[in-house]
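Before any comments, here is the structure.
When the chains are written out, they are named A, B and C in that same order, and each has its own residue count from 1.
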C-alpha cells in the first residue's frame, strides 16, 4: 500500500511553479515556512512582507496577503503592518543583502523595539538576483563578480554574523541559524522557523531565523557541490545554532 | 500649546499642533516619525495622544523607516501618516514612488525649511519641486495640498486623508516652517468626509479568498505599460475633480499675482496696496499644487496682461505657471530665496518695478 | 486696522508665553490674530522674540519688520528692536536689565524696572513677562486686564494651574505701574 510521505502545503497558490534556479535552497525554505504556517493554522491570519532580491517571489508561491517592500525596508513595513493590525501574524522573508546590508538599521531596530514579528533571512553569501556580487555575508577569500580575487580585508572588511547580532538585541525573543544541507538539518530548520513564529504568536518579541542557503548559479556549482560548500566553507564561519531563546530557561 | 479637542470654539494653536490634532480627528490610526525642526511638535503631540487613544505611534529609527512603516500600515487599510521636513523628506522619496505604484493612501506632512542639503530651519518654499515633481524614480504624481493659514492646516489635513483614501494615492500636505510655528485661532469641526470602503484591496489575511499582493514589481514590460496608462488615467480624473484654487479680483485685472502657501498671505495684501495705487491686480492661489490649476491660468491669460509669481525659493512654481500660460503673456518672478515671505510693501514695490 | 506687537528678551524670560497670552486675549476679543516666534537653536539664554499681529481683517504678514508696540526685557533686545518701533509707536523697556536711554524722539518710551518689581513685589523674577503685559494693557488701551486674565487661564496648562494667582497679581501690578513708586 502506498504511503504518502510528502505533500505540498495547501497554502501554495494553485499551479505555482518555482522560478528559483535548480538546487537553490529558497524552494526548501519557502516550503518550510508554508508547512509551519499550515501547522499553526494561521495562514488566513497572516500577512507576508516580501523583500527585494530572489526572495521577492515568495508572493508568487504562497497564497497569502503579501506586501512588497523596497530594498531593505521589509521590517519597517512589517512594523507598520503589525502596529496597524496587532492580531495578525506578520513575517518578512528576506535575503542577507536586504536584511543585513541595506536594511540593517530597520532589522536591528525592529529587534531592539521587540516588535512581535518573525523575520526569515536567507544567507547565501552573495547578491543572487543581480548576478553574484559581494554582499555583507560574503566570506573571506570568496570570489564574487565584485571581489574577483576573493574577499580580502584591505578592500572589503569582514562579513556579518547576523544571528549573533540579532541575539544581542534585548527585544529579540528567538534567534537561530540553520542550514538546509541534510534532511536532519532541514528538520532542525523547520523547528527553528516554527519557534520564530510561536514567539510572535505569544507576543514575546522578535523571532529570527538565518538560513544558510545555496546559490548554485552564482557560485558556479552543481547543487551537490553547493551543499558541500555550505558545510565546508560556510558553517565554520556561520555556525548553526540557537543564539537566543527566551522560552528556554 | 497643544490642544486636543473637537470644538466649535476658537482655540489659539500652532500650525504643527493643528495638523496633528486634525490627523487624530480624521481617524489616523498610526503615526510614524523621526524628529526634525520645524515640525517636531507633530511627533511630540502624537506620541502622547496616540498612546492615550490606544492607537499606534512609533518613534522610527529614520525617515526611511518612518515612511515605510506608514506604507505597511496603509496596506492594511487603516489611515496612517508620517511627517517630516525638507532634507528628511528627501529620504522618503523612494518610498513615495513605491507608494504611488502600490496605490496606497499614504499621508505625509511636509513642513518645508531652507535647503538644499541641511540648509536651515527657517521657512521656505524650496520643496515645491520635491513635492510636485518628486525625487523618486519613474512616472508618478503625489496629490499636494498647500495650506496658507492654520485653519487651512486643519481643513487640508482632513482633505489629505480623504483624497489619499479616495484615489489610493499618496498625498502630501505641504506646509512650511512659518505655518508650522505660527499660532492662529482655529476651530476643529468633525472630519467632514465619508469613509472610503477599502475592503476590496486591503491586506487583512487571505480568508476565504486568494491572497492579495500589493507590489510595484511588474516583471513584464507590457504589464507596466498597461499599469502606467491606468495610473495616469487616475491622475487625469484627479485633475478633473479635485483642482482647487482661490481667486480674487481677477475679473478685469491687468496683472494676476500667483502664489501658494504662507506667501500668499502677504501677496493678498500686496495686491490691495497695488489696487489702492490704481493698478488692477488680482490674485490666484493654488490650493492643490497637484492637480495644478493650469486650465484656469490658461483662461485668464486671454484677458490678463501679465502674471507675477511670488514664492520663497529661487523660482519653482513659476515654471508651472509658464507652462499653463504657454507664452501668451509674460510671466514674471518675484522671489526671496529663503525665510519668511517678503513684506506686502516690498512685494508691491517689486511688482511696480516690473510694470 | 492692524496693530503689531513684538515681545523680546532672553530665552527663559517667558517672552513666547507672554506673546501667547496676548494673542489668546485678542482671539477672545474676536480679533484676527497671529503669533509667530523666532525659533530655532536658542532654547535658553539666547535672545528670543515673538511677533503678534492683531487686525479686524485677515492678518497677512506674520513675521514683522516693525511694530506699534515692542516690549524688550533685556539690553540686547532693546538695542535690536528700538529701530523697529513704528513712528509714533511705543517701546516698553525693562530697566532692570537695560540702560535707560532715549535715542529716538519719534517714539514713546516706557522705562520700568520690570524684573526688580517682580522680584520685590511677587518674589519671583519669572513673573516679569506677565507683568510687562499688564503695562502693555494700560499703555496701549487695546486689550483689557479682564481679557488678559481669561487668556492666562486658557494658556497656562492644567498641571501649572497653581501659578495662575501669582500671574494675575503680576498682570495687575503691571497695569498699575504708573501709580507705584519704584
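Rule of thumb we're sticking to: contacts are C-beta pairs under 8 Å (C-beta built on N, C-alpha and C of every residue); 3 or more make two chains touch, one makes a residue touch a chain.
Treat the numbers as computed from the prediction; the structure is a model and nothing was measured.
> Going by C-alpha centroids, which chain is farthest from chain A? Tell me that one.
Comparing chain centres, C lies farthest from chain A.
> Among all chains, which one's averaged Cα position is nearest the averaged Cα position of every protein chain shown?
B
> Give, as an integer number of Å, the spacing between the C-alpha centres of chain C and chain B.
About 35 Å separates the centre of chain B from that of chain C.
> Measure off the straight-line distance from the CA centroid of chain A to the CA centroid of chain C, and report it in whole Å.
For chain A versus chain C, the centre distance works out to 62 Å.
> If you average the CA atoms of chain A and of chain B, how many Å lie between those two points?
Whole-Å distance between the two chain centres: 39.
> Help me check something: in the complex, which residues belonging to chain A touch chain B?
Chain A reaches chain B through residues 13, 43-47, 49-50, 56, 59, 62-70, 73, 76-85, 88, 105-106, 109, 113.
> For a test of understanding, state which residues of chain B touch chain C in their complex under the given definition.
So the residues of chain B touching chain C come out as 1, 10, 12, 37-38, 121-122, 177-178, 181-185, 262, 265-266, 268-269, 340-341, 343-344.
> Within their complex, state which residues of chain B touch chain A.
29-30, 32, 56, 58, 60-62, 64-66, 68-76, 78, 80, 94-95, 98, 102, 203-208, 210-217
> Which part of chain C faces chain B closely enough to touch in the complex?
Listed in rising order, the residues of chain C that touch chain B are 20, 23-24, 27, 32-37, 39-40, 58-63, 65, 154-155, 157.
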